[in-house]
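Each of the next two complexes has chain A plus one more chain, namely chain B in the first and chain C in the second.
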Partner chain A sequence: MKRIVTIIAAFAIPVVMLGQTKKFEYTPKVKNKVEITNLLGEISLQNSNGNTIVIESDFNLEKPERADGLKLLGAAEDNTDLGANVSEENGIVSIQGATRQVRDYKYKILIPAGMAVNLDYNSPFAKSDISVDSFTGSLEIKTLNASVKITKSSGPFTINTISGNLEVVFDKLNQIEPSSLATINGYIDITMPGSDKANFEINTINGNIYNNLDVKASAKENNKDKDRLAFGMDVMRTKGANSYTLNGGGQKVFLKTISGNIYLRKK
Partner chain B sequence: MDCEAIKINLPEYIDRKLDEKTREKVEKHLKSCESCRALHEEMSSFLSFMDSLPSPEVPEGMKEEFTERLADLDIQEKKKVRVIPMWTKIAAMLVLAFGTYWMGYKTGEHKSEIVQNQLASEVSAQKQQVLLASLRDYTGPQKIEAVYNVSNTPNVNNDLIDALVYTMNSDKNTNVRLAAITALSGMMEKNNRIKQELIKSLAVQENPLLQISLIQVLTEKGVKEAKPQIESITNNEKTDESVKAFAKDIMKAI
Partner chain C sequence: MKNYILAAILMVATLGTAFSQKVITKKVDATGKKMEMKFDFADSIRIEAWNKNTVELEVSVNIDNNRFNEYYKLNENSFSGDIDLVEKIDFEAIKKIKGTGNNCNFDKMIRYKLKVPANLEFSLKTISGQVEVIGTLGKMSVNSISGFIDYTIPASMKTRINLSTITGDVYSNLKFDNKPEKEAQWVGTKRNLILNGGTQPIKLETISGNIYLRKSKLLN
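== the complex of A and B ==
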């Protein structure tokens, strides 16, 4: 009997451990801002229901036997048991990766609504793309190659990437503060309700703009570069910066690509 | 009620704290006076923006930061970075603006007078102070909003250019820097210094997106003086390939 239990334990425990998700909770003293750095695994962000920051991860780094009784020495101490360090200073909660191996794991981070988030994913070692779902509040993301996909959120967003794609599905556009999305080689794909009010300030060098939102070129830009031969004609597209309004105009959305296309979709 | 009386009463009118009779008088005057109406709109948007900021108080640790910045001043000047002296000036303006404004507006007995002095006389200057305020720990969108707000100001003075140049060269957020580049390039015709600051910034920026944006605005505006700096970036081994390719293309066009 003992033998059977041992065999079952030997096989079953690693399987359980493999899929196990661990959780760490932290209640910030000041509900202001969260900065995430060096956490280069697969990150997904969402709002939490309460006032607590929750980090869920499948992090399961096995220490070598030789390291028994020793602590991992790095830039930050792993005080979450998830390969990350959480600290708070001057009203800013900092979540930072404590070991490079974090990039092999998934991190789901739940943030109390209203807290601003700054996610620095600007590393060639960053493993995956970033997904954000149902998030209200200011969100700043910086990536090198990773793409960012945001759904059911309102912003405001300031996101920039070198070669990643940026996809944002607004449930409604935040009308208090502007959003700004920029990429060099990737595309920008925006979806929002056709009834939302917005001012699009679009700048693309080699990309094209495709849309099925009912946007209108702003009067200011309409006459830009217009010469005598164009008298009586509408300007369809001007080089460089272009301004468009949706439903008479609303909060500003700045979009910039160098070679990627821009897509504006009706939800 | 004359315009002066309106200016005194406007803050309380916006805050809906006037008695009914005075409120009606203000409303009547606003309907007939275009300049007071414009002031009312400016003041309303300014106050709502101020209300949307996370905290109206002077940020903690700012005094220490001044001291630290001042200590850094000599070192920074040796490196020929001109933004730090401006920062101390900006910070000092900030303390004055916020301290006086909030003390006066929220608690002072001479509320109307102080608010009148602060708001009615120099609304555009305060927009600049909002920008200066936003150079600190506010979020990216708040800073972009502030940069955008001042980009249409007719009064392009050196303080404003300094603040925008500081933002363009030093802000942690690439999107905010991008907004500053756009704002400055839009003001290029109003002040000759801006052209030189944009050219100098080419040597400062490391992010490919910002480098390309600078090359784009300088070439679109036909700034031929930028050519050596663009060539220098193109020939630099460390420069990102996408920047090199863009610069080469654009140089052919020039």
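== the complex of A and C ==
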């Protein structure tokens, strides 16, 4: 029996050690905006409980013996011990990847509710995807190849990607500011409670649009640029943006792809 | 019995002298001179500053278990008035004896130890050498392909360090005047670091080695 316990312990302890995460906390002087740049590891965003920004990471740099007592020279000073630099200026908290090794690690960033986040992931060296969970506040994300997955959030979102897919599950749509999701090669998949009110502006060139949300084409918009020759006729299809309403219309949601499909799901 | 043991000891001793590592020492006056070094196949190069006006050099050579030590040469050219040291190993001759064709894969261990005047201006080129420079204050240029460069810098030195590495990393415990960079460098590192607002140019280049910049513990 004892032997079994030792064997289990021998296997379990290294696993626990490997999964060790370190924490860094920062209380912003002004609760306004967070800018995340050059942090090209695996990022997940969430709201924190209090007024502090918390960064959790498994960052663990393997240094050669010769570098004992020396620090890796990066673009900025690593003042978090997590390979990142945190600074605050003019009411904007900046979280910056300090070294290129950040690409190999995971970062979980907890942001106080109500702070806006601008995440710049627009780099060919970005290694992973982005996930956002239970986040309230304005969120702006820019990526090149990375996909963005958002759950249990309300926006407003401004998300731009070139080849990434966008998956957004709204718990309810923010009615104060519009949201915009845009991708060139990826798909857009949004899920929304059927009772939400929204105005969709949907635009795709090579993609198809599927929906089981009860959206209706907004006739008003379509009749706007009818010319003299179309007098007395119904609009069948108009160029450019196509507008649809959900439950009589609400805040605007812009969905734009070039080659990807768009999926509108009911929650 | 005793005789046998004695004979055995003698034999081992003679073998030892026949195949022992080659050590070359040199002393050169460096007053008003620059130094240029090309130690391509070095394993380690250690350059230390001292307060004399001479360069003192010690090379220990071991090529293929000391069998081919005689094919190592350290050429000194001084026609320019400066000190010019070039390592030469006659690989063709060794290959002929070993009959290995184009394969010149054999063990070697070549170590350089130099003591130089603190203000000496010098340049060093190596392929495989791991370079350690301690406390020099002069203009310097070090270029290595696969070895690291470790520079111990006098804390008060006013210098501009131009460094680059492709796949290596840079480690340091010095406080440079530079402001944080806006863009991170994702491939390789190329930096122009300024220490104490200074201008003495230092150039450190390596392809796959790390670069270490450390504060000297000595006061000067």
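Rule of thumb we're sticking to: the second predicted complex is superposed on the first by the 231 of 267 C-alpha atoms of A that agree within 3 Å, B and C clash if a C-alpha of one lies under 4 Å from a C-alpha of the other, contacts with A are read in each partner's own complex, and residues count from 1 in each chain.
In the analysis below, a contact is a pair of C-beta atoms (placed from the backbone, for glycine too) under 8 Å apart; a residue touches a chain by one contact, two chains touch by 3 or more.
All values derive from a computational prediction rather than experimental measurement.
**Student:** Using the superposition on chain A, decide if chain B and chain C clash or fit.
**Tutor:** When both complexes are placed onto chain A, chain B and chain C end up side by side without any clash.
**Student:** Considering only C-alpha centres, what angle arises at chain A between the directions to chain B and chain C, nearest 10 degrees?
**Tutor:** 110
**Student:** Between chain B (first) and chain C (second), which, if any, makes contact with A:E177: first, second, both or neither?
**Tutor:** Only chain B is touched by A:E177; chain C is not.
**Student:** Considering only the touch criterion stated at the top, classify A:I258 as touching first (chain B), second (chain C), both, or neither.
**Tutor:** The first partner, chain B, only.
**Student:** Could you look at A:N38 and tell me whether it touches chain B, chain C, both or neither (first, second, both, neither)?
**Tutor:** The second partner, chain C, only.
**Student:** Considering only touches as defined above, state whether A:S123 meets chain B (first), chain C (second), both or neither.
**Tutor:** In the superposition, A:S123 touches chain C alone.
**Student:** Report the partner of chain A that touches more of its residues: chain B or chain C.
**Tutor:** Between chain B and chain C, the winner on chain A residue contacts is B.
**Student:** Should A:L73 be classified as contacting the first partner (chain B), the second (chain C), both, or neither?
**Tutor:** second
**Student:** Let me test your reading of the model: by the given contact rule, A:P156 touches which partner, first (chain B), second (chain C), both or neither?
**Tutor:** first
**Student:** Tell me the contact category for A:P64 with respect to chain B and chain C: first, second, both or neither.
**Tutor:** second
**Student:** Which partner does A:T99 contact after superposing on A: first (chain B), second (chain C), both, neither?
**Tutor:** Touch partner of A:T99: chain C, not chain B.
**Student:** Answer with first, second, both or neither: which of chain B and chain C does A:S243 touch in the superposed model?
**Tutor:** neither
**Student:** What does the superposition give for the shortest Cα distance from chain B to chain C, in Å?
**Tutor:** So the smallest C-alpha to C-alpha spacing between these two chains is 15 Å.
**Student:** Chain A residues touched by both chain B and chain C?
**Tutor:** Common interface on chain A, chain B vs chain C: nothing in common.
**Student:** Which residues, counting only chain C, touch chain A once they are in their complex?
**Tutor:** So the residues of chain C touching chain A come out as 148, 150, 169-173, 180-187, 189, 191, 210, 212-214.
**Student:** For a test of understanding, state which residues of chain B touch chain A in their complex under the given definition.
**Tutor:** Its residues touching chain A are 52, 54, 60-61, 139-142, 144-145, 148, 173-176, 178-179, 182, 207-209, 212-213, 216, 220, 240, 242, 246.
**Student:** If we count contacts the way the header does, which residues on chain A are in touch with chain B in the complex?
**Tutor:** 32-33, 90, 116, 118, 138, 140, 142, 155-160, 162, 176-185, 203, 205, 239-241, 252, 254, 256, 258-259
**Student:** Show me the residue ranges of chain A that touch chain C in the complex, using the header's touch definition.
**Tutor:** It is residues 38, 40, 63-64, 66-67, 69-77, 85, 96-100, 103, 123, 125 of chain A that touch chain C.
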